[in-house]
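In the two complexes that follow, chain A is the common piece, with chain B as its partner first and chain C second.
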Partner chain A sequence: MQYIQLAWRNIWRNPRRTIVILLAVLIGVWSMVFLGALMRGITVGMVKNGIATLTGHLQIHYPGFHDDPSIENRITNVVQLTETLSHVLPDKSRWALRVRVPAVAANARHSAGVTLVGVDPVTEARVSFIGGAIKMGKYLSDEDDHSIVVGEALLKTFNTKLGHKLVLMSQSVDGEMVSRAFRIVGSFRAELMSTEKQYVFVTRRSAQKMLKLRKDITEVSILLPDVNDVHRVREALLNALPNSEYEVLTWTELLPLLTAYLKLYDQFILIWYLVVFVAMAFGIVNTTLMAVLERIREFGLLQVFGMRPFFILGEVLVESFILLIIGIAAGNALALACIFGLGKSGLDLSAFAAGVEFAGMSRIIYPDLQLQDWVMANLVVLVLGLVVSCYPAFKASRYRPVEALAYA
Partner chain B sequence: MLRSGKVKIVECIEVTKTYDQGNLQVKALENVTLSIGKGEFAALAGPSGSGKTTLLNMMGGLDRPDSGQILVEGQECTTMSQSELARLRLNKIGFVFQSYNLIPVLTAAENVEFVMLLQGVPASERRQRAKKILDEVGLEGLYDRRPAQLSGGQQQRVAVARAIVANPAIVLADEPTANLDSKTAKGLLEIMLKMNREKQVTFVFSTHDEMVMGYARRLIHIRDGKVYNDVVQG
Partner chain C sequence: MGVPIDLKMAWRNVWRNPRRSLLTIFAIAFACLVLVFMLSFQFGSYETMINTSVKIYTGHLQIQAKDYQEKRDIRLVVSDPKVIEKHLKGIPHLQGFTFRAQAFSLVSSGKRTYGTLVNGIDPKNEASVSRLKSLIVKGSYLSPNDYGTVLMGQLLAKNLRVGIGNEITVLGQGRDGSIAATVLRIKGIFRTGIDQLDRSTMYIPLNCFRDVYAMGQAVHQVVMVVDSLSHVLSVKRQLAGIILHLSADPSLVVLDWEELMPGLRQGIEMDLISGVVFYLILILVVAFSILNTFLMAIFERTREFGVLMAIGVTPGRLMRLLFIESLILTLVGIGAGIVVGVLVTRYFQFHGIDISGASDLLTQFGITGRLYPRLSYISVASGPAAVLIITSLAALYPTLKVRSLQPVKAMETV
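Our next item is the complex of A and B:
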């Protein structure tokens, strides 16, 4: 018979009360871990979408292009740039050269502002979402001089279909408005409808021809093998490239709203954990206090036998610790089961497409349990659970033996 | 050393204790001076409210006097901290209560083992000593019963076993037979007497029962918080 055994038996003196508090801890931990993973999944999905939607981990532009994406701010020394990229970027990095300018798309009945993206079909497919997003028709090939790929939402808005023509109008390098007709050869589906409406893809060569760019481009998008390397690689690129001709931006600078949201999320999840915990803490304190008040006489008796007050405090804390560990284990098991269950299919929010689109979320959310979130949730419950148990435990240790023994 | 030649286990010198009950001050003990020697089997006798329990509590370091001194095996305990008193009780004093006060979630053997657990006695030795003492108080085979599965008399025998198993200098029993019928009470007193004779366990118990007083070899009468008669019985 040891102290832990004594604590274990004391816990099960009142099984109903123990089960209630275990359920409270279980639900609290489940909600922290599972809902936390879902929320993290939303942000991870948003980052993934953001990076895949032509952003990449790093982008290189002519200085000022990010704020004013006009054709005047273009990169002219492409050969020097690609040579530098080959030397500086880590192995397994991928990059794509692009022409990206604002344009107007029009057909016989409709017109709208779009972003014209001139891409090298093969390299672009390895860097951004477009390679795997074709829903109808075909993707571009290098030989396609007059082909265009548009989003499904744009097809619908323009009331057009594959095989029909679409005219693009933009400003050329000499400041003249130029236009060119393209035939729609494919349509893509993106996570966000706004992406489908905004971007139209042609080959880089035809974009350069239309805008009289010769070999010039407007941006390079880079995907690194490890996203955590962005700052190191950025520094290396800035050192290798003349700063007057290039700016190198990380994805966090390119997507400031998303970055701000991620920071907000990190604070929000902590607040969320604390709110759940506070609700749980009332249950823990109440139950432990009841268990202490029921046993005042017994705590007096333990002191009579020679148990020092510090050990009585420890005994009550051991009981709380065991309850917390069981509740945490069960809560984690349930949360992991839910995360595993949703791991493949994800949580489909297509029914609320407009709402999730507005929030910039993916239509399908995959829970993403990250080690730091998981550790944080468990530590919050365990450590703060023990902290709030200190009050009843301290109370138990403060009874004077004579008073406690006289307690009816 | 007492005049009888016995070594002093507990010594109370001019002990006074007053309780506040609202506006009323009740003097529970007034200038009580007495000594208990090793191997004594003494009863504190007196009516309810006479101060027996208060005196036992003082001897056991459970309560502090307003004035006077209490020494246990020569150690002054009125100035000890709660932790020092706890250590004193753990190593030198056994307790038996009127209402048994066994720990309900522990078995009979585990209740007996508990004090030894606090003393840090190894598990195998604890178990062995607990079973031996339970056998001696007539509870063979009931080691694994929980208090709720034992009769009142059996529970009190477990309490006696628990009080003496760690070889304390003295066992203080507060009306140990008050909740028992006379036959069971006699059985318990016989066991206590046997332990006193065979193991030289020093017992001081309180009672207001004439039959129980008859078992005591020393009878200390207390009335209104004062010792008014202290006799050795044949």
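Our next item is the complex of A and C:
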């Protein structure tokens, strides 16, 4: 206790110097925590968006469908599958049965490749983004047979609007090209324009009718109450389902690029922490060194009075520790204030809409402070800060009392 | 003698406490090193991205009918490309050009059908503009006399379950609204690494395309490559002048790569801006780290300054002396940082940086293999310049403090 009191007083013997180094630590820690949270926010936004864009936490297909999304690879025993799902999945899991196949959309002016998604309107709305994304018109309802919901961007490229017809062409189960006309009843907005251009939604029943699927589907998308359970649930599903008829994939496998992004960001955040820390470390060493060297005589005197070199080392380290703690606390406080202030509105990147799209990011970024980043940032500064302080501390303890007293 | 006395004094003062000065110099050098390397790294990856995108998708410049870029309507054409070709010959810095036409169609093999973007290309000129020829992984590239042959993306071929020599049928709509249908034989399979392209594009000879889609002599794009990015704007201006005088197509426009790929430009801007934010924070941390050195150098010498002033050194000269001291520290640090930064960057410029684990990701942005940083005057100078400005500001604060010193009082301090 005496140590801390001694250290505390020593720190404030030169307040200006202390404040300057505190500012360096503060800015460093602030940037680590705040910018770290912003970067994490980018990835969290991407993951959320990726999972909501028809991925889910888990998907079940016929083996090979993920690689080759053709109607040949379809699930035929839907009854067996849904029964297994209701047994195996944890409570509060939600799932949606879908027909998803590549198709061509055409009207009199334009044609383009799209992905035809046949959904059960009510269950789908609770699993993927589409439920909350309707911008104009209305969402599908179960009785709709010839209704289609398309993205805003698709309306624009096809130069069409609600109420007009859109013809879909795709391959039926017997390999024939089939086409069916739908009426556009609603349009949706998505985070990414490519999503708006890619997906068109019809009811599962009309998709099945068009593709002559009878009751067959191509995929099940599952949302778990806790995303950390995916691997456990996947194992359970694999055990319960015949593996020759089903493949079960997690979102990390379904979105490999996103997973690569996450890894890249992890590395980047760590490098950023280290770079900022090194910049800070020069200041910490220099300041501590100054504080030590101008007190060599004093340390000598303390030794004469019986203080062991080891205690001098400790005393200097405690001073550094206090400095670091104050700087870290202030930096965290400022960072938390910034995160909280930005938490509601988020950082709007609409000015770079095309660039955001290019990088696959969300238009608005919400800072997301994750425990691991937060702990990491603070540990890096505190632990490495103490490590570099050892150098001046050793210096201070190595003088012999007589030498030290003679030190001018 | 040569060296002014102030400079000499400042130099000696700096080395009165070598350890402290060195630490300060290291801090500045470290910041400069990081900045030089990172900026070169960013510029290098931007250049790779721009060049590969330009060579795969768009070229540096295109002449198109107005609105074609957005609507992709087969009827929006450049109706007489031969006339434009005549004008292109004399333009300096223009490295190559080619004509392209595009239509969305259904492509079927015996078993499968997919919607595909069919491109009509001039095999010979295309090779001077795009990398397509070098991306062939199976079979061979189109030859000038080919007709009824097709180059297909690897994923598309996989999805259609076809290989070299197999036939596919194409069904679409011609420029005049008629049905466009033909049978094509697969001559080559290409792989760009960008999934979206590999999954949904194919290339057929332009003359074949014109016949199938009833295009007559028309095309959709005149694609041009310029010898360097810096000449794009001047060539664009000349092209704009040329198409103004063409009477056949009153509504042609010239688009540069930034307009053709707005996402790429904004993505780069965004990356650069976020980089600048990071760098400024880094410099700020360094500035506060070294501010103490500047401060201390002055406060522990208060007595000395008192004496100097008492023997007639004006406060102005004292300030100058101190500022020179800080400047020496800063400049030595910056110099060292630039030298080491350039060396490190040059090493990686030759050997490349392996971003392991992210290569699948980067290929989607057109970056294949390793990343190569690229030194330029801007990447070497701008970071250290910012360091110089900010540390000079930091040095100014303690220097100004000297002004308020009273000689007698100053000499009393221990």
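We take it that the second predicted complex is superposed on the first by the 407 of 408 C-alpha atoms of A that agree within 3 Å, B and C clash if a C-alpha of one lies under 4 Å from a C-alpha of the other, contacts with A are read in each partner's own complex, and residues count from 1 in each chain.
FYI, a residue touches a chain if its C-beta (ideal position, glycine included) is under 8 Å from a C-beta of that chain, and two chains touch if they have at least 3 such contacts.
Quantities reported herein were computed from a predicted structural model and do not represent experimental measurements.
Student: Going by the contact rule set out at the top, does A:Ser31 touch chain B (first), chain C (second), both, or neither?
Tutor: A:Ser31 contacts chain C only, not chain B.
Student: Thinking of the overlay built on chain A, is A:Leu313 touched by chain B (first), by chain C (second), by both, or by neither?
Tutor: The answer is neither, since A:Leu313 touches no partner chain.
Student: Which partner chains sit in contact with A:Pro401 here, chain B, chain C, both or neither? Use first/second/both/neither.
Tutor: After superposition on chain A, A:Pro401 lies in contact with chain B alone.
Student: In the superposed arrangement, which partner chain does A:Ala260 touch: chain B (first), chain C (second), both, or neither?
Tutor: After superposing on A, A:Ala260 lies in contact with chain C but is clear of chain B.
Student: I'd like to know which partner A:Leu301 touches here: chain B for first, chain C for second, both or neither.
Tutor: The answer is first: A:Leu301 touches chain B but not chain C.
Student: Which of the residues in chain A end up touching chain B in this complex?
Tutor: 1-3, 6, 9-10, 13, 297-298, 301, 303-310, 401-402, 405
Student: Name, in rising order, each residue of chain A that touches chain C in their complex.
Tutor: 16-17, 20-21, 23-24, 27-28, 31, 35, 68, 70, 102-104, 109-114, 157, 159, 169-171, 175, 177, 256-257, 260-261, 263-264, 272, 275-276, 278-280, 282-287, 289-290, 294, 349, 352-359
Student: Could you pull out which chain B residues touch chain A in their complex?
Tutor: Listed in rising order, the residues are 57, 60, 62-63, 82-83, 86-91, 95, 97, 101, 103-106, 110, 113-115, 117-119, 123.
Student: What part of chain C is in contact with chain A in the complex they form?
Tutor: Contacts found on chain C: 19-20, 23-24, 26-27, 30-31, 34, 70-73, 104, 106, 108, 111-116, 158-159, 172-173, 200, 262-270, 277-278, 281-282, 284-286, 288-293, 295-296, 300, 355, 357-358, 360-361, 364.
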